[in-house]
């Protein structure tokens, strides 16, 4: 639904949302049932940053960043702006000036389904950004879109107020009403993984630590000689 | 036009060209009317470098870097080599050895529409490169192309002697005769942005700073409850 | 051939294999006749690391990392795990936990034709990885594939026991029986390049250093004025 | 939500849904406010077919078509199966055998976010298919997904029972409760376009027919000579 | 240069331009020195059509087709509209209504660097189109671009009045002043190819017909047994 | 291994190879254990053709089709030429003239990992082609490659003399020594599928026909109301 600004979207609990950054995207994604990942095309422009916050969603027209300017006025502390375009675009809709505005309102970062620019300045000022493209291409400020309606980025629906967690691996969205459950499940997963990590570091078999041997019934362990006999090619090849 | 080397291409004024690096790609691109950007597929192999210079153009056959060797002899201090292939190729046409030659001639950097290799060495020696691909794939040195003819990279025509500015966001080309105007317009834009930045950092609305409120006439500000009523879905969703 | 684990694949000579890392991918690729490069889509998740080792190959079902767990048990010191899927997948099949297991067995690194996650943790623990994708997307552990059969990554066949060399430029595979020859040819190439580098740094022409002038017979050296006459456009253009 | 089959999803009104095929994707997409398009990567495997129906949604694991077999049992006359995978896959999850089953249940067609095969047979039997990939690659039938939960294809959320319209241009989804409104708006649009078409065919200006002249205030009409003067390049160029 | 309409661009000779369609894209491309091809991403929406005409160029804002409506008024008999966007877009900027207008003005076809829709109707009405995308996605009519300025599609600069030839293989642009030469060279090439075709159809060796044997000096003709000895793998392999 | 022509590669049994075309790519691919598929990027330029034959392999330099001319002399009746380049290229290496030569030698078709042109003429003369690209871009005939060495296309190794089967779905390679087994397994699969098809056409459940019910133990069948309760969103949504 275009041409609307929702002024009072409910937000995920901020205290719980803040805890997601302790766990990171891979853990949270697993904890909520392997859901919510925005896909490998949304990449960070900085390295080593992990944040979480509540989604302030922005839907722009391609080649037009008017709604990002409007979104600034709707921003609340702890938000992460999640912006995209009504059809695919790689243009640089976002740069250092809007980041300055958002930082002044204590917004935690940006997730962009189109493109951003001023990446050196963004790194310097410490405003974290995840984006589908880095592009110098400038935009107009002409056509209205929407703010705080559900948007789709990387095949995931993000609703305003959903929790966002982002790090070097990418971005995950946790539905607003599931954040507390996600935090609890993440904590449980981390505890379990810590035990596994100790065993694995000590050299225990990964198959034993994860109890996977039963799944290998169909496998045959054979020698290289047997393989050569069956496949007719052996392993001595020189490549092509 | 293949199989020619233009020996005396006119070059943009070097003093003016040098100033473009102070402004960077986004500012220069805006200053000349949102033109000249080589697109998001041309990426730097280093981080934090911003240069400008005059284009020394090179057109190679795919899988063949013969003309890059020839280009070395045509290089002048302050040039940036802009090389590409007659049809799409990702092969590593350029590496540390040719960079050594170019550095010895005070060439400022390379923009490559195909591929480069030796990226660790290039970073170590401080020779800046922007490229469409990083590729180990080696090439022959057999078929003649052209040097200092107009070439197309990322949908932009670059003529020998045009000014090139490149940084973490990508590469922009400024036509040779427009460089002084581009510098003046960039300076004006920076001054204007500095004023805007101060207001935005102080928390002024982006809509007011840029005078955008008139463009929002068609927008409706509605509550989440009203949105739920109209859309039939509300914002309480759990995601998919 | 699926559902087999080859338990005793012959390996390239470890001492010779270890020397490949001194030369790096570009030199080794050239030394063996411009072969063995896994292509520009396999990229490192860290910067400044160069390793070599013997391939431990893993073939997984898309969306399923069961065989990576099994591969841990087959790992030997000096191996590099080379894993891919039976059809294209970008999912995160590999992360910090399996890396912990492999590091405990002195495995040198991972080359992945699908995706990895936990990249921040992998960089922190110093386990080097080259991959086609970074992806948070989790996988099941259900369907058997194969370990130590020939696999294809980036258009190259990698057989278990082949030598792998990887650095910032990408990954190259050297057939098992050609490693000693590859080391010798790499050493010869480096010696030759060192001589060339000295001449090039001193400003000698690249055409003379590489003896290329004979190949330029078809080239014409013309003036910009002559080019303008022939092409009808000249070089004064303002761009588009 | 995985591992569930919703057995009684509400469906859009079948009579109204059937009318969408009379209008086609472009008209319906415009009629509902330029929404619902599944993007240019979902293409038909046949030419000249236009259908509409209600979505029976299927979520498969990559490389696994188990849930498509289950979906057959849930199929009702007038459904269009909309299937995709939990992470990106191009594998051929669907072919002539499942099509035979669906045709026997009067299903109108298939929309596939992964891949299909047997395209010659599908064309021959007249079962229409839109797909992201054509791929011979076979799949297992091992891991459970979900049937009739919301899925995302081409950046659009499709809920079971939503209306689908598909033709040579692609696929559009109309939310279940908006179908009657979409039909009415499509009819109105067609009537208006028919009037425009008559005027345009008679040679009337497109600017007048659509009332666009007011938007062209900023345009300058200039001669080629004036363009040459301003741009410094003219239009006489010979190309590169 | 945006926001201008050039009203009197010079056009290539129409009689000569018309002859290009007799030769087709491959022949004309070779005849002018392997130049002018708009690349493999511009594909026809119909099969078996070959046209030529003079370029009427249109530059639109992404997601906005306002300038296509204006272009109708500038169209002259024998033109081919060549349209693209200022930054990458796949949206459907063109459809059956604008085609009706262009057909009424005897325009020969459309080449589109963004997207088109109504492909079934376009085929039915016999209006030929080549395009980078087929997309249902609708556009606004808000922001001015330019008409009859040079544009870039597929890496080629097309100036208004240049000759365009298009067929099942794609699109080639011939600079305005080179059309007569291109026709003559195409005719010569066709004559030469006809002679070659007769010899080849009679079974003569392609190497003799094209005089290529001298270029094969470096080749060795070896037996499969010799290959097996040298490569260590032979040709008996079973594949992977 | 470059610069060699293997003159006497062993070929798969021609009578058995000929039978593969009766079964088509999907059946053969399944019959040999889901192997040998050249991937979704290799597409036919015609519709409705299914062929099989023995591979005559050709390795060209990018932008250079010299070896295709040489391959003509090595062609034998029943061969299918499988050609690719040493690094990625989309150029049109193959067209109607070489097809004329191959047809004169009773070659059955072409599989191309780079590009082809003259597609209208190829369809007209009935010479079937599968290719990664259609491209007008012409090539030189300068640099030697290899004929009848193993090549890689679409991630598959094809050795000279292997059997190739190709149809509307793509291309599958069967190792030379496995052809008779592939024919037998294909016949068995077709017989089994025919029985399944009859049951499915009669309306039997796909789950019963394939015996899949046991695999669905983890699935829950729930109502839409129960889904709404669990997910918090229901299925009434209006989409975004």
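Letters A, B, C, D, E and F mark the chains in the order given here, with residues in each chain numbered from 1 onward.
Simple rule for what comes next: contacts are C-beta pairs under 8 Å (C-beta built on N, C-alpha and C of every residue); 3 or more make two chains touch, one makes a residue touch a chain.
Keep in mind that this is a model prediction, so the values were computed, not measured.
When the partners of chain A are compared with those of chain D, the chains appearing in both lists are B, C, E, F. The minimum number of touch steps separating chain B from chain F is 1.
Put simply, chain A has to spin 120° for its C-alpha atoms to lie on chain B, with the angle rounded to a multiple of 5. Distance from the centre of chain C peaks at D, each centre being the average of the chain's Cα atoms. Comparing the CA-atom centres of all chains against that of chain E, the greatest distance is found for A. One finds 27 Å separating the Cα centroids of chain E and chain F.
Mean C-alpha position of chain B lies 37 Å from that of chain D.
Each chain gets a centre from the mean of its Cα atoms; for chain A and chain E, those two points are 40 Å apart.
Under the contact definition stated at the top, the residues of chain E that touch 2 or more other chains are 1, 34, 39, 86, 88, 90, 135, 137, 142, 149-150, 152, 156-157, 175, 177, 230-233, 236-240. Contacts between chains leave no pair untouched here, as each chain touches all the others.
Contact residues on chain C toward chain A in their complex (touch as defined above): 1, 3-10, 35-36, 66, 68-70, 72-73, 90, 92, 95-98, 100-101, 103-105, 115, 117-120, 133-138, 141-142, 144, 149-150, 156-157, 159-162, 173, 175-178.
Note for the complex: chain F touches chain B at residues 61-64, 85-91, 135, 137, 140, 142-143, 230-233, 236-239. Remark: chain F residues 1, 149-152, 157, 175, 177, 232, 238, 240 touch chain A in the complex.
The touching residues of chain C, counted against chain B in their complex, run 24-26, 29-30, 34, 37, 39-40, 43, 47-48, 50, 167-170, 172, 193, 196-197, 200-203, 205-207, 210, 212, 215-216, 218-224, 227, 230-231, 233, 235-240.
Those residues of chain E whose C-beta lies close enough to touch chain B in the complex are 1-2, 33-34, 39, 86, 88, 152, 155-157.
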